[in-house]
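So, here's a batch of structures to check.
Shared between the two complexes below is chain A, which has chain B as its partner in the first and chain C in the second.
Right, the complex of A and B next:
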């Protein structure tokens, strides 16, 4: 399966040139760009690990693309996403977020159903990868 | 400066028994300067033939505040001058002989804090049936900060909705399940599953899906949530379906909303026809229960569509932002339902901005502060398809739910394919826009390129290539873009 979180997951994986154009878009809007990675792709896993601090006050996407390359060197077997953060009043949150790296093999999620209270079902989504400890989940790829 | 003088009768002559013209009773005060705390309403007044326009407008002020048809001595037991609404400006409507814009100011003490029902009982109460008027339309309102702050506002708001769904940087995608009536719960859930798995973020009950013989509400909720959870596991994305909890009584609605919550739904839905008080109650419930609240504007066209009589949708949008819904249907411009581009732009601004400057060419007559009230997500639904993606993004922007019902379910290769076509078209357009391309003009080209690697999109573009709804609007702005307000 393919995890389709983020803004561009239905398109073919973005090239570095395409990623740089999106980063430049963020910078021109005055947003801070953040690189995050994880090996837990659960849809409600909000806090991916940060690759350093969000990059404030930059003008050129090149520096951020270098950080992405460094992050990929270390965590290339995991999901990596980039996001643009807008600190202006009334938003003060993420404005755009898209996946820029993903494991070669995405085993996906198991849907667990617990029958409760008559016909009701209590649902839980579990990533198959989470059967292994953090850091080793996609390591054999 | 207004050259007209007040003709209000003062002193004890004001209270002589009998009938007196409204404009002499204190409801026409051309030199009144509205206070920052006043509620201001702008009416389009069309008096009966032979009725003096100023008197007609003063009557609107009177009948929507303290007046009755004759002088009453009991006015003298009150601070009557404060409580009288004051018409302070009357302008002829451009290019519309016989109609007048009446600006009327109301003291804040006339209204119960935080109650849309109370506000509307005055502003659109008896006055709309007043005989000396041929027609009356409430065009816009200025709600002062002091009054805005007495309302909860949207239960969730655009920002937190996006955070909860983990979806940023693009419009959300939805579809209304069709056919809207007749599907069993089991078949209905199938549509939800297919559409969500194919790439949509939301599915939606239609306004008249409640609990009918072919599908009772509990069945619908159970099967829909099976579809939602299956799709969530298949994609790794948060998915939702607007479970319509509209019902005959508040008790029924609370019961349905509680069941939706128990099943893990992120969103519920209500219809405008449940009424203002019920809407506010459900907004409070939604805030207490971490639920996004979708409003379908069922019924609004009975009073919003005609220019001469009724209530403009921009006013309904303002009331609904105060009342506290998170989603509101606000037009598509290019789809099958009424919606002039400039007027629709005005509605969208009312939903999404923290401050609306007066913009006459969009039909926005007043500066409107929202005092950090949450933003409301507009929903575009009705007769739209993937081939219009560039136009939709241009007209409606990024913070909007684009709902392709027929445009998903009617796809020749099935519902999943229809959903995928829409999602790919959207992502390709956002990518191109952010890259700085002239996506409005290059739109068809961008879609054709994306379709090269996406067969469902290619099919969709082919099937609906000639579909458009070009009819003249019945509700366009009165002012051209260059117009400036009269001083």
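Right, the complex of A and C next:
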């Protein structure tokens, strides 16, 4: 099951040229671009691990694309996303976020029903990948 | 295809062109203007200008070859500027970025000017991220490393400068299309630097030597600087300044155009002082613009036995 989070996630995966164009758009808007990665695809998992520091004061996408290539080399089997942080007054938040790398095989989520008090049921989703410890979740692909 | 190539190839039609109007191509890029500006605003520096013209021509031909779909490799554009202090290395580097940008060989045309402190860290593991950070900022533009020979300190074999050099070399080779590195420094020290880092010499295509200015050129520079600030020499003051240049050149720590600029700053101070000294009069624009011989001659350079070390007052 394809994880859809952030911008462009219902489109086919972006090519490197398309990613570079998006990054350049962020830079021209003056946003700091971050690279983050995780192997826990749950939608409520908002805190992904950061690859290096946010990249401030850049003019060209080439530097960020190089960082992305480095990140893919190490964590190519995980989800990697980019986000553009707008530090200007009044915004001070992430303005764009999109997935740039995903595992080859995404097993998806299991819906768990729990019967509680009487006939009511509470629901939760759990990623199949999470059955295995961190770091090994997509390792065998 | 990289972005740089993409930018160039935007205008390439499907079938390669057979003929190209050179004049049209030249005018289209607007390098003519840049080169003319270089000629008119930078005084002297003959070898430098010739070299820049050569590079510009090469890049123009390279572009045309690309349009004709002839196989080309991306030219190596890293440069090294050597010369004495105040000969205009930084100024030319800034112009260079503009020229390369117009020709489409760098994408953004900005210049990141750094020295050793910006590249080399203070403890183990600090240098690599620091250097990479700067390189990332310079991507798409020009990285100008002033006094580059400081990067290498032979007396300390554990110096982190070597680490910065290795990262630089690696990026200079692998991402030639993304950034242009310009090293600058004094001639003899740069020579030593290249001797101990042969990798650097071979990765730099253009070694440009900046000559010292002659006396008339220095006077010309002084007049241009004054003109930019809306001042002018009176005829006697010009004569006095010519003598000033002759004497100042013989003194230690003479740094060409920079010394001239400092001298002019001090002359302006003295001129202001002279004007303010007499309060009971009305001033014309001419009065505040013109610099008199007295303003120049008050300089300590003219004082007898002014062989003192340090910048002359």
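Assorted remarks:
One rule holds for everything that comes next: the second predicted complex is superposed on the first by the 139 of 141 C-alpha atoms of A that agree within 3 Å, B and C clash if a C-alpha of one lies under 4 Å from a C-alpha of the other, contacts with A are read in each partner's own complex, and residues count from 1 in each chain.
Heads up, the rule we're going with is that a residue touches a chain if its C-beta (ideal position, glycine included) is under 8 Å from a C-beta of that chain, and two chains touch if they have at least 3 such contacts.
None of these values were measured; they are calculated from a predicted model.
After superposition onto chain A, the modelled positions of chain B and chain C are compatible, with room for both.
When the two structures are aligned on the shared chain, A:66 is found in touch with chain C, with no touch to chain B. Shared-chain residue A:38: touches no atom of chain B or chain C. In the superposed model, A:58 lies in contact with chain C only, and not with chain B. Contact comparison for chain A: of chain B and chain C, B touches the greater number of residues. With chain A fitted onto itself, chain B and chain C come no nearer than 13 Å, counting C-alpha atoms only.
Across the complex, chain A is touched by residues 1, 3, 6, 107-108, 110, 129, 135-137, 139-141, 175, 178-179 of chain C.
On the side of chain A, the complex with chain B involves touching residues 1, 3-5, 7-12, 14, 18, 21-22, 25, 41-44, 46, 83-84, 89-98, 108-111, 119-123, 125, 127.
Only residues 17, 20, 52, 55, 57-64, 66-67 of chain A touch chain C when the two sit together in their complex. Residues of chain B that touch chain A in their complex: 159, 162-163, 166, 168-170, 199, 222, 225-226, 229-230, 232-238, 262-264, 354, 372, 375, 420, 423-424, 427-428, 430-431, 434-436, 450, 453.
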